[in-house]
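The two complexes that follow have subunit A in common; it is paired with subunit B in the first and with subunit C in the second.
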Partner chain A sequence: MANAHHPAAPLGGSLVTPTTLLLAALVLVAAGILAVRFLFGLGAVTNISDGYTWGIWVVYDVVIGSAFACGGYTIALLVYILNKGEYHPMVRPALLASLFGYTLAGIGVIFDLGRYWNAWHIFWPGYAQINSVMFEVAVCISAYIIVMWIEFSPAFLEKFGKKELKKKLSKLLFVFIALGILLPSMHQSSLGSMLVVFGNQIHPLWQTILLPLLYLMTAVLIGFAIVIFEACLSSAGFKRPLEMHLLSKLSKLMIWVLAAYLAVRIGDLLVRGALVRMFEGSIEALMFWIEMGLFIAPLVILASSSARLNPSKLFIAASSLMLAGFLLRINSYLVGYEPPIGWHYFPSVPEILVSVGMIAFEVLGYIVLVRYLPILPGNVETTVAQIRK
Partner chain B sequence: MSINRRDFLKGALAGVTLLAAAAPAEARPNNTMPAEAVGLLYDSTLCIGCKACVSACKDANNMPAEFSMDEHYWDSPLDISGKTLNIIKIYKEGTGENKDQEKDGFAFMKVSCLHCVDPSCVSVCPVSAMTKNPVNGIVGYDKEICIGCRYCVVACPFGVPRFQYDTPFPQISKCQLCRHRLAEGKYAACATVCPTGATLFGKVEDLHGEAKRRVALKAGEMSEFPRGNINTHDQSSHTAKAAAYLPKIYGEKEVGGTQMLKLAAVPFDKLGMPTLAEQSNASISETMQHTMYGGLIAPLAFLGALTYAAKRNVKEDEHEE
Partner chain C sequence: MDKNTIESSLNIEALEDRLGISRRSFMKLCAAMAATMGLPAGADAAIAEAVATKQRPSVIWLHFQECTGCTESLLRAEHPTLEKLILDIISLDYHETLFAAAGHQAEAARRAAMKANKGKYLLVVEGAIPTKDNGIYCKVGGQTAMEMLKECAADAAAVVAIGSCASWGGMPSTPPNPTGASSAGEVLGKVIPNIPGCPPNPYNFLSTVVHFLTFGKLPEVDNLGRPKFAYSRLIHENCERRAHFDAGRFAMEFGDDGHRKGYCLYKLGCKGPETYANCPAILFGDVGNASWPVGTGHPCIGCTEKGVGFAKPIHQLAVLKTMYPPVGFPRVIEERGKGATLGATALTAAIAGAAVGAGAMLAKNLGKNVEIQQTTPVEGKQS
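Now for the complex of A and B:
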């Protein structure tokens, strides 16, 4: 096998840099805004209303945030279920990003819940309402966060030299790995299912009983894209060489899944007779074109195998796909949602700053942990030693 | 390395098992009306826009006044909100001279919860804070249980549940058909004070019968209109000329029916009432959920297949290290 992978190793290096300081500042700003929210109510800092009561704190922080955290899901699916061992070096970095993304999405829910002190009711027999799609989403996301921390714990155990415990855990790890595939499959599809009950309040370009499938397929796709995206960024940021052979193979798989997604998406629109709605002169139709364009672009960019060996093309294609998945969610939850009465919504600046602060927190955490824990493949000691001095 | 044939076949097999497990789940039809269902009949043609019901509703539910004018003299809500459960909206077209005419006319519409037979708000609430009483069908809300997720606010096809955005301890507000007054032997405050019987309280069955009777009246024909409570006849009825009713009882079929029925002479979409299918959104969503997750059969089958694959591949993986 050509995939002799090097054991993961901590990167080391300084934690105080202009980048980390900027990130920390953004986190503080968000914390300040949240303090106002908890003192004076959601209306004090957001633009949400009864017409659009779910703003970006739901749609971005939770729905999109968790989808962007699907790198760990996609890679685990490849390595452990489809037995593509060559991607093994990507498991830990992807899992770490997922762990952060999901943990923050979970915390983000609390910021948005009006009566957050009752949040535990969701899990409480007698209160829990199993017909609610949100119940299933909440249970599966919470369980997945716990499962990921367990999956990830070998990295901590390694750091703290708990060899015995690590061994015991490794024996059971396959159970958590299986759960780590099942749970995201369930809740990522359900994030689409949540919209089905809105009926004709969602524009026909998005309202379909296949929403769970569309959300699931795009979650896997975003998982591919985010892994490529993060590999490019972290190679630039930490000055490490890119694992091109892996990334180009990965991107080939990605475009096959993408082609399948587009077939399902367009087929569904045709069957429902909704495709013609893309020609109506509306903001919904325009956004649909942009969304579809962003989905189709990676297919074109990465069509040839030489393109798949070109880092900048890979990066652009991955970014396009992430944006496409982002737009599918924004469009189905916000743009395509028409409340029964004429309302409008655009997020307020403090609202956006909170979401930005959450992203900053995520990036900051990632930087700290890869420098501190054995996460990235340790095959580049010399390069790292060079930047350290 | 590619997926070998055995793996692929196993995967395919697992997929088929999944589908087979999911298939038997039955489509859930619309829920049906509880036998003792109570509700309201609102007749737009009888409404004179006095808004006695708006202020009675505030009193009965201890809701604060809301101001839409610069001078804060009296309660003047423009829409239902976190502070207002019931309002009368006005439709006006052209010169707005003639009552209950679409052209150059005006008409009223009561906006409050319709107490759906198969309510979306109950179906989506993750914590059973929204519930439908199995006997009288009233859709009630319990703030002590609510987590404030506002799924009900987005899901209600009529835009009824409202949230309080200006307090750190918010709750949902929506009409609960004065269920606290029912417990005291009284009935809906809005129907109690309505001077013309435009808002009438009673058993849905009887309200439906009355609605059918009115729709069948000839325009201009003199007729008796009950007021207050159609079942107890606690108030005297009054005589008036029948309006040119549209041959439609709004709420008879919409999203599986509602316990508040509405009559009008101006098309309902003009009066702000959405055009909706007969199949309830709740039944579509729950059928989908039960198909995928009924008895947890499909997820468990999937988990089994995943565990099997993971067990094999994790072992191989460890050999490599």
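Now for the complex of A and C:
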């Protein structure tokens, strides 16, 4: 994936800093809890039960984790399908974050499987239940993880000087790029289809036949948001200037998609006559208000073009949108999920710490890899270095 | 309906008269047989066509050390069409139980049939063959079972063993096996197609014969000669009580609470986990609705399986060949989950607070960043 604008280069610098040490400590805590989980079972560390079989390890680590990893998908969609070459410098960093997010989502599923040693059954023709939505999600996500590693491999090949191999790969890469756009479109929508299967166990504010579309649209939206969010974070963390010209254009696209999403979402609620449920005095209604508020906020914040040039406002809008996508998933999978009376769920402390450890692992891996591999645009760093002199 | 279709052919109409059954029930039976054997779509029509038109194969049926249960189970099938069909599609030229003739007259009929259909008749063997002391423990018309079997098998188009005795020795071969009872295959020195069971399911036998009639060859068999359509799966795999096994719900003794509730019979010695047969799918011996040993509350004795049926004590635990019970079992009363604990709420609040705080700080610094970008590096956290 050579590009004409900025040849990517390793960032360099020390790997041992207070931040990386803190992240490593959080990862170790999570690993310790997981050791207990694998020795004594899910019941030993989680609050999941027969009524709530999916806790945050599925809903956060997998459903939300993979949505937060949609940066690579959205950027690839822009660059390769809509042919917006100017976003090309964003491909590698976005892809790296996606790679981590998805790989960890794939691994995270294993933590939550009661009989994880049977996990291979899903890929084995004699065992696979090919009519199941879960099958589609599992196969798509695992295929996408492999595809992403291949898409990302030029960075490794550059690092280790395998020029011949990289040349050969780049001829075939278009196939994997196409797959890398097809597969997330399939499984991000299927994460919504899984809820459709739940029927009236999901609160009417969320249960709709359009859930696959809503999930797909929000996955794209989160993809935009996460790219902006990560750009801001790495700008602050690595002391690099922001690529404002790209980010503000990106944010404009983002709010158009957001407007379309809100039209579909509210239109669907109106057509189904479910909108009145937002006025009932329940946790579900409250969470719906917060979710919708977070979706509408970026639209208000980024309405003017001057606001879109303000990195602070961009960052707040992106964070708000990520949180909105997060809440849509939490609300539809957990808050709006209504098992028979008497069942309760709130994540236990160890459950939360494992999810925190996963995030820490992602951030840590990102820091290590951008310092070690050619991922971020290179000449920017030298400019900054010159300025410092 | 088209005149040329199998349903409206004249042959099938003639068959209606011959068997005295409706065309509909005949077609249903053919479809059921095709399905039992796992044959592709269209095979049911081929079967119907073959049954209606083909010349009936001559069958010689030998009885040795057995109880005639196999024959009984064929003749006393619950579905009246079954034995009619069997007797219709084959020309039973020698069968000791069903013969009107007796003594040397019967033997003469057998020899005549063998001569007339040399190389074309189907030989069915029911019962084990004693081999000890030159096989003197079973004689028919002065001939030992060994001699008779070898003589009849020499010119047969195919040899099929029916029942556990002819298939692998069965009950007569139970240790210490005083007569040296052996299977037909052992005596003939080769693997022959066999339908084990005590008694075997008549559908499995009928399907095998019909396959022979329709396609001119016997169905695919495993390394022991058993048709794969009937004997490729363990009883345990498709057992109606399997869910109880997986959940660890077992009847511990006859008449206990679990037994009354229909729990798994594994701990009463059910041999389902080590016995290959299709009983759970088509039930046992065609003797009635829901009627097979496990369905009536008795453990499977493994009658189709050499070394299990009549060899292992009925209440001895079966060897688990493929499925093992889980290590842990569900609790009787499931915990219904806890609400938010103080610690979890505090942690969630702390994380949310830290995220919002860090986000706000970052947003603030980002604003500065743009203003001073050209002169000084960004003030931010070192990562």
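FYI, the second predicted complex is superposed on the first by the 375 of 389 C-alpha atoms of A that agree within 3 Å, B and C clash if a C-alpha of one lies under 4 Å from a C-alpha of the other, contacts with A are read in each partner's own complex, and residues count from 1 in each chain.
The definition used in the following text is that a residue touches a chain if its C-beta (ideal position, glycine included) is under 8 Å from a C-beta of that chain, and two chains touch if they have at least 3 such contacts.
Since the structure is predicted, the reported quantities are computational estimates derived from the model, not experimental observations.
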item	value
Subunit C versus subunit B on the shared subunit A, clash or fit after superposition	clash
Touched partner set for A:282, first subunit B, second subunit C, both or neither	neither
Which superposed partner A:244 touches (first subunit B, second subunit C, both, neither)	second
Which of subunit B and subunit C A:49 touches, first, second, both or neither	both
Which superposed partner A:153 touches (first subunit B, second subunit C, both, neither)	neither
Touched partner set for A:316, first subunit B, second subunit C, both or neither	second
Contacts of A:142 with subunit B and subunit C, given as first, second, both or neither	neither
Touched partner set for A:209, first subunit B, second subunit C, both or neither	first
Residue contacts on subunit A - larger count, subunit B or subunit C	B
First (subunit B), second (subunit C), both or neither touched by A:103	neither
Subunit B versus subunit C as contact partner of A:80, first or second or both or neither	first
Subunit C clash site on subunit B (candidates 5-13, 23-31 or 59-67)	59-67
Shared contact residues on subunit A - subunit B and subunit C	41, 48-51
Subunit C-touching residues of subunit A, taken from the complex the two chains share	17-20, 41, 47-52, 232-233, 235-242, 244, 310-312, 314-316, 319, 342-349, 352-353, 356, 367, 384, 387-388
Subunit A residues touching subunit B - in the complex, by the definition given at the top	1, 3, 5, 7, 38-44, 46, 48-51, 53-54, 79-86, 88, 112-116, 118-119, 121-122, 124, 126-129, 131-136, 138, 170, 173-175, 177-179, 181-182, 185-186, 189, 193-194, 196-201, 209, 212, 337, 339-341
Of subunit B, residues touching subunit A in the complex	1, 3-4, 7, 11, 79, 81-82, 120, 123-129, 143-151, 153-159, 162-171, 255, 272, 274, 276-277, 281-282, 284-286, 288-289, 292-293, 299, 302-303, 306-307, 309-318, 320-321
Subunit A-facing residues of subunit C, complex	328, 334-341, 343-345, 347-348, 351, 359, 362-367, 369-370, 373-375, 377-378, 380-383
